[in-house]
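Labels run A, B, C and D following the written order; every chain starts at residue 1.
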Amino acid sequence: MNVEFLNTLASVVANATPLVIASIGETITERAGVINLSLNGSLIVTAMAGFIAARVISFGVDVDAIDMIASAEAGLIGGVVVAMLVGALVALIIALSSIELRLDQVTVGFILTLLMADLAQFLGQEYTRIPGPVVPKWPVPLLQDLPLLGPVFFQQNVLVYLSYVLVIGLWFWLFRTRPGMAHRAIGERPEAAYARGTNVNRLRYVYVVLGGALVGVAGGAYSLHFKPGLSNPPAMQGDGWIALAIVIFGGWHPFRVVVGAWLFAALRAVSSDIQKNGLAVLGQTIEFNFVLLNGLPWLMLIVTLLLVSSGAIERLLLLLPGPVQRRMRSVLRSDPPRAIGTTFEVD
Amino acid sequence: AQDEIIYGVVLVGPRNDRGWSQSHFEAGQYVEANNENATMLFFESLNEADTPEATLMDVVTEMVDSGAEVIFTTSASFEQDTNGVAEAFPEVVFINITGSNVLHGDAPFNVGNFNTLMEVPRLLAGCSAALASETGKIGYLGALIDPETRRLAASSYLGARHCWNTYRADMGMDLEFTVTWIGFWFHIPGFTLDPTEVANEFFDNGADVVISGIDTTEAIQVAGRRASEGSRTFAIPYGNAGGCDEAPEACLGVAYYNWGPAYLDVVNSAQDGSWEQSWDWLALDWMDINNPDTSTAGYLRGTGMPEEIAANLDEFQGALADYMSAQDMGVESIYLWEGPLNLQDGTELAAEGEAVPLLDIWFSPQLLEGMIGASE
Amino acid sequence: MLLPVLLSLLLAALLVLAVGREPQEVLEKIWQGAFRNTRSFAGVLNFWIPLTLASVGLFVTFRAGLWNIGIEGQILAGAIFASAGALTFDFPPELAPLQLLLQILLGVLGGMVWAGITGALKIWLGVNEIFGGMALNALAGVWGIYLISGPWYPEGGSAQQSRPFLENALYPPLSRDWPVGLLAIVMTAVAMVLVPLIMARTRWGLQLKATGSNPRSALLLGVPTTRVAMSAFLVCGALAGIAGSYRVMFTYGSFRPLVAGGIGFLGLLVVLLSTMKPLWIPLITFVFSAILAGSTRLRVSLQLDSSLAGVLQGTLVLVFILFQGLRQRLEARRGDQAGDVSQASASSQSGLTG
Amino acid sequence: MDIELRNIHKRFGTVHANNDISVVFPAGRITGILGENGAGKSTLMKILSGYQPADTGDILVDGNASRFSSPEDAIQEGIGMLQQDPLDVGAFTTLENFVYGRPERVLPDWQAARKDLEEASAHLGFDLEAETPVERMSIALRQQLEIVRLLALGVKALILDEPTTGISAEQKQTLFAALQQLAHRDGVIILLVSHKLEDVITLCDKVVVLRDGRRIGEEDMPAPGETDPVTLEKIKSQLVHLMFGQELGPHVRLEVPLDKVVLQLENLNLRDRRLQIENLNLSLRQGEVVGLAGLDNSGQGLTMRAICGLESVSSGRVLLEGEDMTNRSYRSFLHRGVVFGAAGRLEEGLIAGLTLTEHMALVRSGRAVLDWPALESYTSESLKHYDVRGEAEDRIEQLSGGNQQRVLMALLPANPQLLILEQPTRGLDVESARWIWQQLLERREGGTAILFSSAELDELVAYSDRILVFHAGRVHEVSDVASTTIDELGYLIGGEFKQV
């Protein structure tokens, strides 16, 4: 396998990282029965907040400053923290309006999507297109030397590793721990959770805010590494919607979610590769109009959702042998959490 | 003791995009700095997406209302509208950059166009890319495809090819010059390719220099990030003299515009009523290509440029200047837009020894033979 | 009703102060920018027309319980189709009205096609309209960029717009001092009066409401729910198509890939703000248009970023919606209806899977 | 332990759901709670099990007063309730449901839990399979799981709200056996809320009757095994009298002459996610009433919906008066006077947010432009006729369940060809159920054919001319209902077709 190809794979994994983190955050939220539709806006506004915080900490408020007043690490950590807080704050608005005010989550989420995007541009204008601290690459000792796996997965930065941890962690949490059961239960059947002594609405606050905080991390990941700095229009514009779709494609299961995210990132890589080399089918290469190629990811988005709604993915279950079926059930199940989008009240 | 003059600058992008729009904004500031009687009005991000509620007509109306006598409409996307607006305000002088209506003769009398020989800084950019490259692979981050973008990409290629063959023969391999078009002048997320990802791909696939042909600075960002991670990657931003600032250590140089002097001429001549319609392909100052008061475009070397290549670059630049300035500086003179040149499909553009006429360059129908990438 | 408006105006004022500007100065500039003279007023109307058309269309889809986020794409598709007409036809002057009509119809068709696809995906294939819509918005944009860079590339020009349309391909302006398409105003006025009337008085309107509230029950009560949902999409698409045609056939006079410019999204906010009371829609759209168009002057003289207007509108709607919720909760508290544990009340057509 | 309720009061707005109720539940006894719809049974039980607080009044457990602010509290005190629709999580497996809610560590000890589950269910003669997802299990099994779970939490008083609806005779026996064992051997207090007099009589030691929120009587039941029909009838009528303050005359079947064939099914094959039905044949005549028996999700629902175009038919034909209507849309059936009534009222059938007039307008007006005044008065008329307690401009969700059911009746066309009704009397008390059937039988005399499903075996036996019994997609026809006992039917439902 040649090095260019490994590089490309590594880039796909890297480019997918913010999507993974954001979709995992949204998965946490939706598993608790709440939709945070504001993802697109949240990502943009948290990217803005994270970058400005990091920039100000490392370089001071002067936007023309070129020498640091504090270490890049300090700036980066501060940036991620601020991004998390902002993401959590936006999510809190949704939690409050849904739990306390019984407002439609989709409505509030949509308004926030637009508002946050504009807010980010408004507050960020002075800080666009200026350099700031960038999350450095950090190859994992030992693991980085693994053949194939090493270069692709373990010669990345901490954010990428964080995404691995989140995926596996969330899976373990949801399907192996007792509080994880409560987490799923409040999204599936809050009444049952309540009957078992779970404080449904308090937990919903917790998970909505937590999910929002992760969306914040994703936003920070963009402006502090993957699409460094701020720009107008924001470079991650639209990814929030893709992340939301990935959650559905992922059947609210962390493993399927991460696959979905990598799929999209790969597709983007492919569509610009096709522009250069055309698409090789059975020997002869087909040339594509390079502009139309940019539509590919969006077609893909529709197709993946079709796969889910047509139950195609779930049908895989039937093909599998019994014991495997039982193992794979939670992965291939595509039903949304039953109580998603609903409010829960006692008396 | 001249009377006050107000002039307007209409930008298609944000004034701090570190590229095209910023260079025009700074040109406006240059005028204010050099003509104490002149005051600037400006309007940024005038495009259907950022300001759906305003057309060029609305903005110009407001500017004229506030007393503007000269208005610079700084994008080819304003070319058509500028004509209409100019008819509505015959007493105001309009300059559309980089239109060619005046050339075609279908512009009102009060419209002027100008452009500059960005092709030359591009030759230098291409050359330094070739000189700095260790892998012999150079990526060109293209915008949308039209004659302007084709001729700029082609110039970069000519510069690169020349310097590669002249100074890097020892490498013993052919230069690989690949163009990827993102689909528009800047990144419209979801509608165009993402320049950040395209730049990453160039580097992933072995390129070590990426030349930017778009309004914004993703190329230098990515190069800088990778350099900070220890890999040997460079970029050459485009448009604005400050282009390197986002990652100086990874910046070979920047091919930039310096519209200030031209703006000043127009404002002054409008002030004393001596302005006349013209379509100018503004010259550079061959003696001092980076002179802010005399050269309308330049190539500023970046702190990231390995000094060992400087000598070769100087030599090439000198030879170029010798030809362009049409006066003998005692060095051989080189003009790369010169036969034998073939278009990408093999048809001949210029035969052995003959130079390509400026207008043929201006309306470049295709990329050149030897470049990898789509011509339309 | 009034309180939230006042509060968000206060927020707006604070925001303006925060960026070091005088609120009432800003207000003045906006007012002058919008109502200084007939031409500036025409500028307001030129934005009001497409915004109102889109909002009225969205009122219909909301009635049917649909989140037609795809409206941006529908406006753009309308613009593309209308432009196709404008770039092909060239009828003799005496037939100019016919050409205009044809182009508008093409616009309508374009909007309907795009809405139809979203609808088909939603209704027959179970792809939630929010995501289908988002994807189709982007696809329309990609298509637009393709057209100007390929088939509609203006010879010798720059690939950022089609060649300008000929005189007879444009909505005729009312007069030199009133640069606004009379025909378009008439169509908008008709739509904003007729649509609410139809909603309230006809069986179709009732069936829409029924389908929107509970499609399964509606079906059992004899409502042709799929037909009804689809019709909602198509009506909205048609209106969006007219809006798109106006953008290219009057505002810009040539095709540009981003002509939709977020008008559709703004329309969604408008309808949310109207709390489904259709008579408010044209008023809200008028205020929004005045603020936006007026802010052009603001930006020339005071250099405020274009996003400010967006921030203000967003805050306004958010605060308003939150207040609404608060009021309802308080009323509910007063008329104390204790709920029952075993019935968690659904507050939204849950789930985004379809 | 034993439990005493003292002067319990509970108001919902104007409704006085529980009015000064005092009652004692001694250990080791099975007590039945009877009462018509809205009598206050569920409310009382929810108060006792911590789902709702009482306005005033005391709950004494072993003599000392306790207040429950949540079901959890109640369980702490040893009181647990089994809701009619068991409160479990469908996406969970049996084991997960069992573990969730136990005082476990963050990482549960799955092995131990599994052992407990299996032992407990064996102890009560249940057969629960740890790994099956609950959403694939029948009501009966889910009840068993819930009972096992509650007992494992140390519950000493078990409340069951209408547990015998929708389970087979066999499952009912298992359940009752388990309950008796729990009460009489383990000394658990059992409270049984039910509308089914037979069940109450056979299982309970005593019965408490509520009416309009008051406790109006208490009856001791005969020892289990009492079979003398006369005594049983006597007790029944006493209870009915207590519940409704009046006797209900016995329901007499009147035979209507069956006329031409309306509906014909020719070896119909149906399939959905869960089960498939093969070669279903049926012909239904005008005025004929056919009941569909079976546990929930055994195929009745699928069949009824497929017959009127709401589910797709994979092969075979559906003939309406000889015309092939296979896989036509529901509306085309509707145009031919075939109307489907679903079990859930506000979920399927009525539209929360719409007024009664708007409902009527939907079904009655064939005109494109609506004449609201006319519709308004028309609606008021029919509301009177069906004595619905509600105004034409009320929104449907403001009406009580019983009245919503009446509105559904009012929406039906005057004389439909065929009525397909899913559990038309679900959750209604004997009296309201009677009223509904009057309405239906009137139409039947007008020649309407009726196809209905029900979880109440006695209802099926009482009103059907023929019964189709569904079990896991297999269908068994019972042609002479008159000579079929409820028990026989119960076994058929359980799948023992051989026994008959």
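Note that in this section a residue touches a chain if its C-beta (ideal position, glycine included) is under 8 Å from a C-beta of that chain, and two chains touch if they have at least 3 such contacts.
This is a predicted model, so every value here is computed, not measured.
Shared contact partners of chain B and chain D, listed by label: A, C. Across the structure, the highest number of inter-chain C-beta contacts is found for A-C.
Greatest Cα centroid separation from chain A: this falls to D. Each chain gets one centre point, the mean of its Cα atoms, and the points for chain A and chain B are 37 Å apart. Averaging C-alpha coordinates per chain places the centre of chain A 29 Å away from that of chain C. Chain C and chain D have Cα centroids separated by 48 Å.
Each of residues 45, 49-50, 183, 188, 190-192 in chain B touches at least two other chains.
Within chain D, contacts with two or more other chains are made by residues 51-52, 83, 87. Multi-chain contact residues of chain A (touching two or more other chains) are listed as 125, 191, 194-195, 238, 291, 294, 298, 347. A list of each chain pair in contact follows: A-B, A-C, A-D, B-C, C-D. Against chain A, the residues of chain C that register as touching in their complex are 67, 69, 121, 125-128, 130-132, 134-136, 138-139, 142-143, 145-146, 149-150, 265, 268-269, 272, 305, 307-308, 310-311, 314-315, 317-318, 321-322, 324-326, 328-329, 338-342, 344-354. Within the complex formed with chain D, the residues of chain A that make contact are 176-179, 181-182, 184-185, 188-189, 191-197, 326, 329, 333, 335, 338, 347.
Against chain C, in their complex, chain A makes its touches with residues 35, 37, 93, 97-98, 100-108, 110-112, 114-115, 117-119, 121-122, 125, 190-191, 194-195, 238, 241, 244-245, 248, 289, 291-292, 294-295, 298-299, 301-302, 305-306, 308-310, 334, 336, 339-347. Chain D makes touch with chain C in their complex at residues 12-13, 46, 51-52, 83, 85, 87, 310, 330-331, 334, 340-342, 346-354, 358-359, 361-363, 365, 367-370, 411.
Residues of chain A touching chain B in their complex: 4, 7-8, 10-11, 15, 66, 125-126, 128-131, 134, 136-137, 225-229, 231-239, 268-269, 271-273, 275-276, 290-291, 294, 298.
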